[in-house]
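Quick one: the structure is below, questions incoming.
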């Protein structure tokens, strides 16, 4: 069930059978010459919809802008500072807690969010641990799950793309968005075929190291077909993961 | 053009002909017995897409969660604290400014956002006025435009719904979402037919005054047809408004 | 009763008959060639004193510096950032709540404060709505009232000044301060007679558009007599408004 | 010259002869059975006016609410949290700096403000020291001066009140406000005559230790005459101190 | 060279040959029945001293309190909220940058710090990427290195402790502190021998899951000898890692 | 007892006999040509250890970086902004409060910390006074004690150093660190012998006034012997002071 097209009465009913919810979280940032700026938000969004259909989970609207400071050297990239994203996560979780939700499952599409969202969880828990949490808030559990860490995904990615998968603007994520938005498939020649690797600091340094935005990948290999296979595998495995979290002791 | 399905090179090209962008902003909050929790986000989102097609404007991803503290008495409502939403607006605007965007048009779907987003604009301008703005940032202009303030909208709303339009969970906004998401049209009897009016304070007080969440409206009158007419009128008039802002001296 | 010249025992007595209080809030900013920099603070201050005498209301000290970033291009203007002003409003309200005050009436003299103070109210209510409010705080209601929105004021202003009233450094507000501080009446020729209109962004843009600081007004028309009439009308109508708020269900 | 009744052109002229300004800062808090809640704000306000007349200094509006958390056990006391007051001081100083003011003289009426305002100065200087200060800001110097530390004041206080002076709701500060506001002189018997002494922690602990709010004082000895003498001595000596600061190398 | 026993002139000389520095960062939190509360701070502190001797690196004072909210159920544990720790990291890095340091190497002793410190780095980089960084700051590179991830450490730990190593109050970290502080070696019987495993949420949940504080370990196996071997391996491999970072292109 | 080498069970036992704790707090900043950058942290650290041995007090790890913005003109100096240091103090105190500690004794080694730490105490108390304190927190009392204010210290300092003691990089503090770290005694000729005096603003102004970092002192007179005498006197008198605070009614 999508929260955005539900009524509050339908959510009230849902809460009688489950106190878990999925929040897709991504980023708005360059993804190289043929990847969408919305790649990292669209991937978890489309997967969360699939998981929702498979498991009956309630799916909140996607947090589309994440922590992407290192991409600001490329037009169209938008970032929240880590401190801002932490406040967003905190407020959303605390709002849901007021209704009785106590298992908040963040389905993540962006590596750059991991540290910040994890820190946000600690900031939330610290309210309980220091005794300043809202008095109508249950004991909360938050989980961040990167969609590409779903069990079967690595096998598909390795089989199809091998060393060309890379770590930013990967073949897999581009494929998944092509499957979801086939009208926007873009054919672009990559030079060099496989992008360089390296560490990440600020935006200027990033642009200096990674001239077209990719890291270690050749997303010219991305395809709708690969995206479909990845979608099926990921929805299947993430659904299992979500249910285990929702029922965790 | 939707930012989420564009590449950074396409945005770079866009910036050669325009430095304006549209950011739809809404809320995730109860909208009475037959309105979607996502009403306030979905309305500007669908309209922004229309304006983008009409004018060629670039459309950023929707800020789906806004300032909705007063709705927290109803399941599924999510709020950002005003201070958090201000930080979100600030970071997004400052990110866009880094690329050269200097006319940021927020298309708003939620009355509760107006004060906070307006305050956020002042926080952004204060950086310039106090001399602490980012050194690579142009002189910025931000505008908040409520979709229902589009010129022709009041006429349609008055003609079709009269006194039943109300001010929360209005006939017009519910109609617009029904037009956009006809599969989710809900038929619910309203008691009383027209909801009461009153001031807004915190969530408990709100629930005490407005038992099913509506204020002053009878959204049972909402329809796909009304939504279509509102859509057409609003896209036409907001397109004109957007272009005037983009070209303002 | 003025809070500043009362003792705590007198306030304790007051609280037995009323839990409402008035806080005048203004700004410290240029008001054109013949208006005081303190105009926006002095207007609500002097009116609040009148309302206090009329209704017996307790009047807190004036918040003299508000949100005036756009005026920083003119010497003597002082601003709080919106985030700072929000914290000020929050702390003052929460302090008063500790004593049992639960109806806080902000009498406002500055358009630039409206968004920020309204956002501050939501920040305060959010503490209740999210369950993090102070445990010794009553359910709070805050109201912002612009003195120029008092019922009878528009009629006086229209009759006396017509199109020359304007929207910054208005004839009415300058008149009111002249009535209150007749020793400081200043005679200055205005060029052009009526100042231009336009949108407001940051301080540099403001100075570029509005060369001597006024917007749309010709405050050379201001007079002690007009100020006296405005004072009488405003005190009468705002007193009624204050009492209605204090007794609101 | 009072900033509130000046125009921006008058401030512009002032800046040609001086870049110094006085900001009175006080508190809104209980001052025992016969002292005004506004004592700490009214004292520096009235003295600053006198210094302004003596020296020609420009006087900004008073910061009337300060750091008074320990007084919240007594009705009518209002506090800013230290972090809020620091932001207020920062914003006001940075606003003035934009116009070219670089010697900001805070005339203080409240012991509880000293640490916070001093910390705020360091926060302001840290912007310069870390290189993040506004680019249109001069090198700033801020000074906090407690009015009761004016050279001649201790002699008057000792001679007139001796051990009954105390440290909160002192004979001197009550006298000074009686001199300034003789209509509000209050006669109240004190029990015990001289209030107890002790350390200060939070509001509950304060109320437990200091039953009627005073610390170590017998303000029944306060008088208009003593206030007048204190006023004259303090204006004379603080004027000298202000000028030395304004001209400091 | 230890920063704490150096003079500023010695640091000035150091900066002529290197712009890198080591900051040990740990935590103050329970480490089970026989581990020190300071384990996570003392380990990187003692190793950094060794690396400093080996490489000539400058070593800053240890950040001894980190992010340990989940340990607050056990007496003596102290936490910084993530937002606070981020500000600490930011300020220290920005201070060092003012002097010309541009390679800041955080040697970490606590898993709970990783997300927060990584987020802090992004907050710092965002200042550059958004153009608000201090104007006298070089392009910065920060690195977080967990001492237990030094190349040779896993082999030693596996060989000596196998499955009893665990993930909190590990045999290795306890051994390392025993080597550094042999006077405080504590002999305590563990029940059960190997502690349970599980996820981490807030402090109450942690105490419920992990009764004596350990996770998955049997630190009764810890010894001075193991600590010495770990020390030697870690200093050797971390020295190499530090130098590579200091010289990275 | 040092917290860092204790176990949580030992702290639990300690809490049965005392709810007081010592936190040494210092700074990392230049101390002239022959003083250590760590002087202000090492002095309270070594004294706290002595007080701990004398009184049985529990000693927390030292806060080694304090508020030192004015020293940033000299290589190696590190500052926390006042707002950051306040958050650090707040979090550490609130963590300890969760365990039942209610007398927190900060032994301070740096004048520049006094205002900020005192403001932090008020921020902590304000949580109680405004009713937002953690619900599992006792009524807290915090005390800041400068080691050089210990009763007997002034006599030693005056007798040994007279007018050469100064106020930054003092003979006494340098002596105390020489006693604690005799291997690092440095012999440097001072020019001029006694450094100048003056006010403190930002880092650039500081460096302009105080060319080698000292204020008013001639630390060439510092010696291990003087340090030993100071150590003995200070430990004796501060132990008494600590115990009085721990037992205060």
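Just so it is clear, A, B, C, D, E and F label the chains in written order, and each chain counts residues from 1 on its own.
Note that a residue touches a chain if its C-beta (ideal position, glycine included) is under 8 Å from a C-beta of that chain, and two chains touch if they have at least 3 such contacts.
Quick caveat: nothing in here was measured; it's all calculated off a predicted structure.
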| item | value |
| --- | --- |
| Count of contact steps on the shortest path from chain C to chain D | 1 |
| Both-way neighbours, i.e. chains that touch chain E and touch chain C | A, B, D, F |
| Interface residue identity across copies chain B, chain C - same or different by half | same |
| Chain C on chain F, rotation in degrees - Cα superposition, rounded to nearest 5 | 120 |
| Separation of mean Cα positions, chain E and chain B [Å, integer] | 46 |
| Chain A and chain B: spacing of chain centres that average the CA atoms, whole Å | 24 |
| Geometric centre distance via CA averages, chain F-chain D, whole Å | 29 |
| Residues within chain E bordering two or more other chains | 72, 79, 81, 83, 91, 95, 98, 129-130, 132, 135 |
| Listing of all chain pairs that touch each other, if any do | A-B, A-C, A-E, A-F, B-C, B-D, B-E, C-D, C-F, D-E, D-F, E-F |
| Residue numbers on chain B that touch chain A, as the complex places them | 2-12, 15, 28, 30-38, 41-42, 60-65, 72, 74-81, 83-84, 87-88, 90-92, 95-96, 98-100, 181, 184, 186, 213 |
| Touch list for chain A against partner chain E, complex | 67, 69-70, 72-73, 79, 81-83, 86, 112, 114-116, 118-120, 122-123, 125-126, 128-130, 139-142, 199, 201-205, 248 |
| Touching residues (chain side chain B, partner chain D) in the complex | 129-132, 135 |
| For the chain A and chain C complex, residues of the former touching the latter | 91, 94-95, 98, 132-137 |
